[in-house]
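We just call them A, B, C and D in the order they show up, numbering each chain from 1.
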Amino acid sequence: MNVNRREFITSAGGAAAAAAAAAMFPVAAEAAGEILIGGLHDETGGLDFAGKPMQQMLRFAVGELNENGGLLGKKVRAVTADTGSNMQLYQTLAEQMALRDKVNVVEGGITSASREVIRPVLRRYHVLYFYNTLYEGGVCDRNCFCTGTTPAQTVEKLVPYVMKKWGKKVYTLAADYNYGQITAAWVKKYVEANGGKVLSTDFFPLDVTNFGPTIEKIQSAKPDLIMSVLVGAAHLGFYRQWASAGMKHKIPMASTTFGAGGTEPILITPEEGNGIITCYGYYPTIDTPANKAFIAKIQSKLGEYFDGTMPLLTELSECTYEGVMMYAAGVKKAGTVDRMKVIEALESGMSFEFPAGKVTIDPKTHHCIRNVYLADLENRKFIILEQFDQQPPSDTQAVCNLEKHPDSNIQYQIKL
Amino acid sequence: MTGEDRPPLLEATHLTMRFGGVVAVNSVNFRLAEVELRCLIGPNGAGKSTFFKCLTGQYQPSAGTVKFRGRDITGAAPHQIARLGVGIKTQIPNVFNGLDVHENVRLAAARGVKTRRMIDRTIAEVMDRVGIGDLSSRIVGTLAHGQRQLVELAIVLAGEPAIMLLDEPSAGMTNEETARAAAILREINRTTALIVVEHDMQFVKMIAHTITVFHQGAILMEGPVAAVMADPTVRDVYLGRRAA
Amino acid sequence: MAYALVILIEIVRAVAGLVLISTGLMVIFGMMRVINIAHGEFMMLGGYTVVIAGKAGVNPWVSMLVLAPLIVGLFGVVAERLFIRFFYGRMIDTLLATWGLSLFLIGFVTVVFGNTVAGVSVSLGSVQIGGFRVSGYAFFLIAVAAVLLVATYGVLRHTRWGLIARGTMQNANMAAALGVSPSLVYMTTFGIGSALTGLAGALLSPITGVVPTMGIAFVARAFITVIIGGPAIIMGTISAASLLGTVSQLMTFATTPVVGDVALLFVAVVLLRILPQGITGKLFRRSI
Amino acid sequence: MDRSARAGTIATLLIGLLITFGLPAYADPFQVMQMTLYVVLAIFALSLAFIWGVGGILCFGQGVFFGLGGYTFAICAINFGGSTGAFLMALLIPAAVAAALGYFMFYGRLNDVYLGVVTMVFSLIIWKLINSTAGPEWHIGAARLGGFNGIPSIPPLNWPGRPADALDPLQVFQIAMGLLVIVYLAMKLIKGSRYGRVAIAVRENETRAALLGYDVPFVKLVVFTFGGLVAGMAGALYAANQAFIDPNVFSLEMSAKVLVWVMAGGLSTFVGPIIATIGLQYVALFLADHKLMNSQLVLGAILCVLVLSLPNGIIPALQDAAAWLFGRTRLALAGRAPAAARKTAL
C-alpha cells in the first residue's frame, strides 16, 4: 500500500484518490469466472416492507438469468446486504461491495437519501448503479440508471384526471423531505397548468403521527380534493384519522405515494382506503400476458426466493427485476462486463417488453420511457382506470443531457 | 470583655432568612472582632446553621446585610466570600470523599496564585497542626466520622481564612479527639477568628470566652461564658431542655 | 366561531394526550424518584397487546381498556423485581438502566414482530360542529384522561394505599412506619404506573399505529410533562399538561407541527430554568 | 500522574503510533476507511468521557455537538471550497454552542436529572429543526441543509491551502489517529493538572469546592465547552470521511451509543472508552453485516448488564482483576471516579 503513497498524493480530488485505490484493487471480477450483481436494500428497519420484496426480486431475477445459462457463459451471483434503513450502513456497505466484494453492478437504494449516499461512492469506485424506485427526478449521472417513474410521468397524468373528476381546488399534504418537497412542487405546477388552485401545501416530518389540527385546517379550507404525498409508517395515521373524522366521503383523495411500497392497502382497512386514486408505472393487476406469466413464475418460485409468501408486487419490486434484466441485456450486447462498454450498450436506445409493458432506456437521461397506469383502490385491490403509453421522463430531460455532458454528476433541482 | 471595642471583622445587621412562612433567622445583629473566638449555642432549629449559610453565601438572606471587614458581602456567591477569607466547617463533614486526605488538603491549599513550594509547605504544616499526617494517603470516604471532622478542619485551615465558622466540630468525636480538637481550636484562634456552634457544654467551656445564645431564629443573649451559663432563661430554653 | 371551538377541542385533546402519556410516569417518578426512560416502550407494549389481541379476535375495546393495562402492569412488576429495584436511590444509574431497557425492548419487539406498522381501527364516528367534523375518538380520549385524573386523586386521597403512597412521597421510611414493607409499596407503585402507561399506549395506538419505535415519539414529552409538573402528582400533571399542550397546539395551528413540538420543548427548557423544582415545586405546594 | 500512570500513557502512545503507521500496510482501502470511522467515533467517546469522568457532567445530548461539528464542516467546506477553514469552524461553533448551553445550565444551578433532561431536550429540538429543513429555502450559502436527507457529497479533507489536493483514505486515517492521540494526551494532561484536580473536586463535592473559593459553575462551563469542542472535531472528521451527514447524528440513539461506549470503557480511564468504542462499534457492524441480531437489542442488553454488574466499566474491571492478580492496587484518585461521578449527580 505504501508503495502507492506517491501516486495518492499527486492525485487530485477524492475521486482521483479513490480511482488510485480502485486501480490498486481492480474492480472487474471477470477473473473470478462469476458475474456479481450487488443488492443494497433495507431488509430490516423502517423500510423493510419495501426492501424485502426488492431484495427477493433481485435474487429471483438472478436465478432466472442462471436458468437461461447465465451471462457470457458465466454464472451470475447475487451479492446482497441489508442496509437496515440506516444511512451510515448504506455508505459502509456500498464501499464494501465496491472494494471488498468487487461486484460488477449494484441494484438498490430506496429513499432518495440512500441513493444520494451510495451514488457518489459507486461512481467513485467505477461500479455501475441501477436505482429502481419512483422518485422526484433530476438525477444526471452517466454511471447511474433510474428505472422508476418520475413526477412528469405520473403526477402529470394523475392531477388532470382527478381534477376533471372532483374539482379544481386542491389541498396538498406532503412528507417533509426532498421527495415530498419536489413532488409537491410538481403537483402545484400541474394543478395550475390545468386551471386549478392549490389552497395550501402542508409538510410533515416523517415522525408526525397526530393529524388532528391538520384535519380541521383542511375542513376550514374546503378543498375539492386532497393530494397526498405522505410517506411512511407514521403518516398512515392520517388516513385513519381522516376516516374516523368521517371525512372520507366528504372530500376525496388522490396520492402519488399511497401503496407505492405496497403495504398501505394491507395496513389500512378498506373503509379507510377505498377510493384513493393513484398513478404508478406498475400494478399487479395489469392485464397483459407478460404480467400474468411473470406473476405465475413468481408463484412457482415462492419457496425458492420469497420464503413461501407472495411478495408485495409494486413498481419498486418490479423495477428491481427490470434493473437486473437491463444490466444482463447490456452485458450480452457489449459482450463484456467492462463498465463503459456496458453503459454504451445500454445507451444504444435499448427497449424491452417487461411485465409493466414496453420500457425504453432514454440515452439522454438514463431514465426510462415507459407506460404509466391510473388506478383506484377498491377493497385492497388496484382497479386500473386508464393506461398511458410510453411516457417520457420529461422533467429530467428538461435539465439533463448526458449525450452532451457525459461527465455531469448531480441531482438537478428542477426549476418550476 | 466582648469584641465590642475592637474593629469588627464580621458584622451582620438585621439579617433575616425566611422560607415560605417560616422565619429561620429573624433580624439578627451580630458583630465579631478580629481574632475573636465566639461560641453559638441554642436548641436545634434555633437557626444557627441557617445563620452560617447566610454568612457564607449558601443562602441569599431575605433581608439585612452582612459586612466583612467593612465590605458588604450580602448575597455574594459562596466562592467569592470564601476567597475573602471566610472558611466554614459544616455540620455533616463536607469533604471530597472520593479523594485521599492529601488531595483534599491540597485542593484547599492550591486555590489562588501560589508556587508549588508554598502549597506543599501549607499542606505539611496544616496536616501536622491538625495531626492527621499519618492518614495522608487514606481515601477520606473510608475514614471514621471523627477523623473526617479533622480532615475537614484541615481543609478549611489550608484555605488560610481570616475567620472560620465551625458547625459542631466535636460531634461524633471520641473524648480524646475532642480534647485534641479543643487544643487545635485554641491554637488556631491565635491567628484566626472563630465562630463555633456547639452543643457539648464541656467543649464550650474548654474554648469559649464569649457566648451568643440563639433561640427561635433570634439572639436571646450574649455575654461571658459564666454569665450565660448562670442565666435562668438560657437554662429554660436550652440547658433545661437539654437536661430533660 | 365554530373554528375557534374546534381549535379549543383540539387543545383539550392535546392536553388530554399529555395527561394520558405522563400519568404513569408521574406516579412512578412522584413516589419513587425513578425516571423510567423505557416509558415509551411500555406504551409500545400496550399498543402491541391490542394488536395481538385483535388478531386473536378480542374486541378492541376490551383489549385497550382491560388487557393492555393488565399485561403491561404485570410486565412492570416483573421488570421492577428483576431489574429496576437494584437501582433505587441511584438516580443516574436508574436513568441509564432504564435507557438500556428501552433500547432492548425496541430491539426485542423488532426481532419478534418485525418493524412494520400494525394498525388498530376503532371508530366512534364523528361529531358535527358548525361546518366541521371532529373525530368522536378525540372526545373519548378526553373523557378517559379526565376519569384517570379523578380516579388517581380518589385513590391517593381516600384509600389506605393512597395514604401510604403519600406518606412514602413525603418520606421513604413512612411506609415502614405504617407497617408496610417499602419494597412492596415500590413494587405496587411501579406496577400501577406501568399499567397506566400500557393503557395510554393502547388508547393512542388507533391514532399513531403500532411500531416498535413508537415510544420515542412520546417519552420526551411525557418526561418533560413530569419534570415540569414537579412533586405533586395530580396538580403537576394537570398544570404542566395544560400549559405545554396549549402552547404546542396553538403553535401547530398557527404554523406547522414541527414548530408546535419545538415550541413545547423550548417552553419546557425555559420553565426548568425558572422553576428548577417544577411548577408544583413553587406553586400549589399543598396539593397532591 | 504517578510513575505507573505515566508509563501507561507512554505505552498507549507507542501503540497508537504503531497502529497509525503499521496497520494500514496490511489493510485494504475499505478496511482503512472502516478504521478511520472507528477512530473518529473514539474521539467522540473521549469528549463524553472527559466531561462525565472528570467534570461529573452527565450529558444526554452529546450527539448535538458531534452533529453540529459535522454539519458545520459540511456547510463551510461546501462554501469555502477548502477543508481547513471548515475544520476550524467545526471546532469553534460546537464549542460556542456548548458554552451557551453550559452557561444556561450551570449558572442556572441545574443538576442531575434536570441536566439530563435539558441536554436531551436540547438535542431533540435541534433534531426536529434540522429534520424540517428539506425545502429549497433552507440553505446556507451554497449548501442545502437537506432536512431528513442530510447533506450528500461533502468535500474531503485536503492539504491546508491546497483545496485541489484531497487526502487519500490512508492519509485521512493517519490524521484521525494523530488527532485521537493529541486529544488523548491533552485530556491526560488537563486531568493531571491543577485545573483538572479542581474539576474533579467539583465533581466530588460542589458545595465544598465552592466553600473553598472555587467558582463551581465556571469550572463546569470550561469542562463542558472543551467537551463540545472535541465532539465537534469528531463530527467534522466523520462528515469528511463519510462524505455525507444526516440528522441521525442528532438522534437520541447517537447520544445513547456514546454513553454506552464510555460506560463500557469506564469513567476512570481514557483508554477504556477508546477500546470500548472500537470494540462495540465493530460488533454492531458485524451484526448488521451478518444479519445476526438486532443491534439495538444488543446495545440495550450491554447497557443493562453494564449498569447492573460493572458500574465501573469493563476495562477498569479488567484492570482490577489484573491488579488483584499481581497484588497491585490502582491509583486511588482515578479508581474512585465513576461511582463518585454518578453520586454527585444524585
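To be clear about the criterion, a contact is a pair of C-beta atoms (placed from the backbone, for glycine too) under 8 Å apart; a residue touches a chain by one contact, two chains touch by 3 or more.
Values in this document were obtained by computation on a predicted structure and should not be read as measured data.
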item	value
Chain labels contacting subunit A and also subunit B	D
B-D or A-C - the one linked by more C-beta pairs in contact	A-C
Taking each chain's C-alpha mean as its centre, the one farthest from subunit C	B
Between subunit A and subunit C, centroid-to-centroid distance (C-alpha), Å	40
Inter-centroid spacing, subunit D versus subunit B (mean Cα positions, whole Å)	43
Rounded Å distance between subunit B and subunit C, as computed from the means of their C-alpha atoms	48
Whole-Å gap separating subunit A and subunit D, where each centre is the average of the chain's CA atoms	37
Where subunit C touches two or more other chains, by residue	110, 216, 256, 258
Multi-chain contact residues (two or more partners), subunit A	44, 176, 203, 205, 207
Residues of subunit D touching at least two other chains	128, 131-132, 294-295
Set of all touching chain pairs, with the criterion as stated earlier	A-C, A-D, B-D, C-D
Residue ranges of subunit A touching subunit D (in the complex, touch as defined)	1-2, 5, 8-9, 11-14, 16-18, 20-21, 24-25, 43-44, 81-82, 84, 86-89, 91-93, 95-96, 99-100, 111-113, 116-117, 120-121, 176-178, 180-181, 203, 205-207, 413
Complex contacts: residues of subunit D adjacent to subunit B	194, 197-198, 200-201, 204-205, 207-216, 332-333, 336-337, 339-340
Subunit C partner contacts - residues on subunit D that touch it in the complex	58, 60, 104, 108-110, 112-114, 116-118, 120-122, 124-125, 128-129, 131-132, 252-253, 256, 259-260, 263, 293-304, 306-308, 311, 342, 345-346
Subunit C to subunit D touching residues, read off their complex	35, 83, 86-87, 89-93, 95-97, 99-108, 110-111, 216, 220, 223-224, 227, 256, 258, 261-262, 265-266, 268-269, 272-273, 276
For the subunit B and subunit D complex, residues of the former touching the latter	56, 58, 77-79, 82-83, 87-88, 90, 94-100, 103, 106-108, 110-112, 137, 139, 141, 155, 159
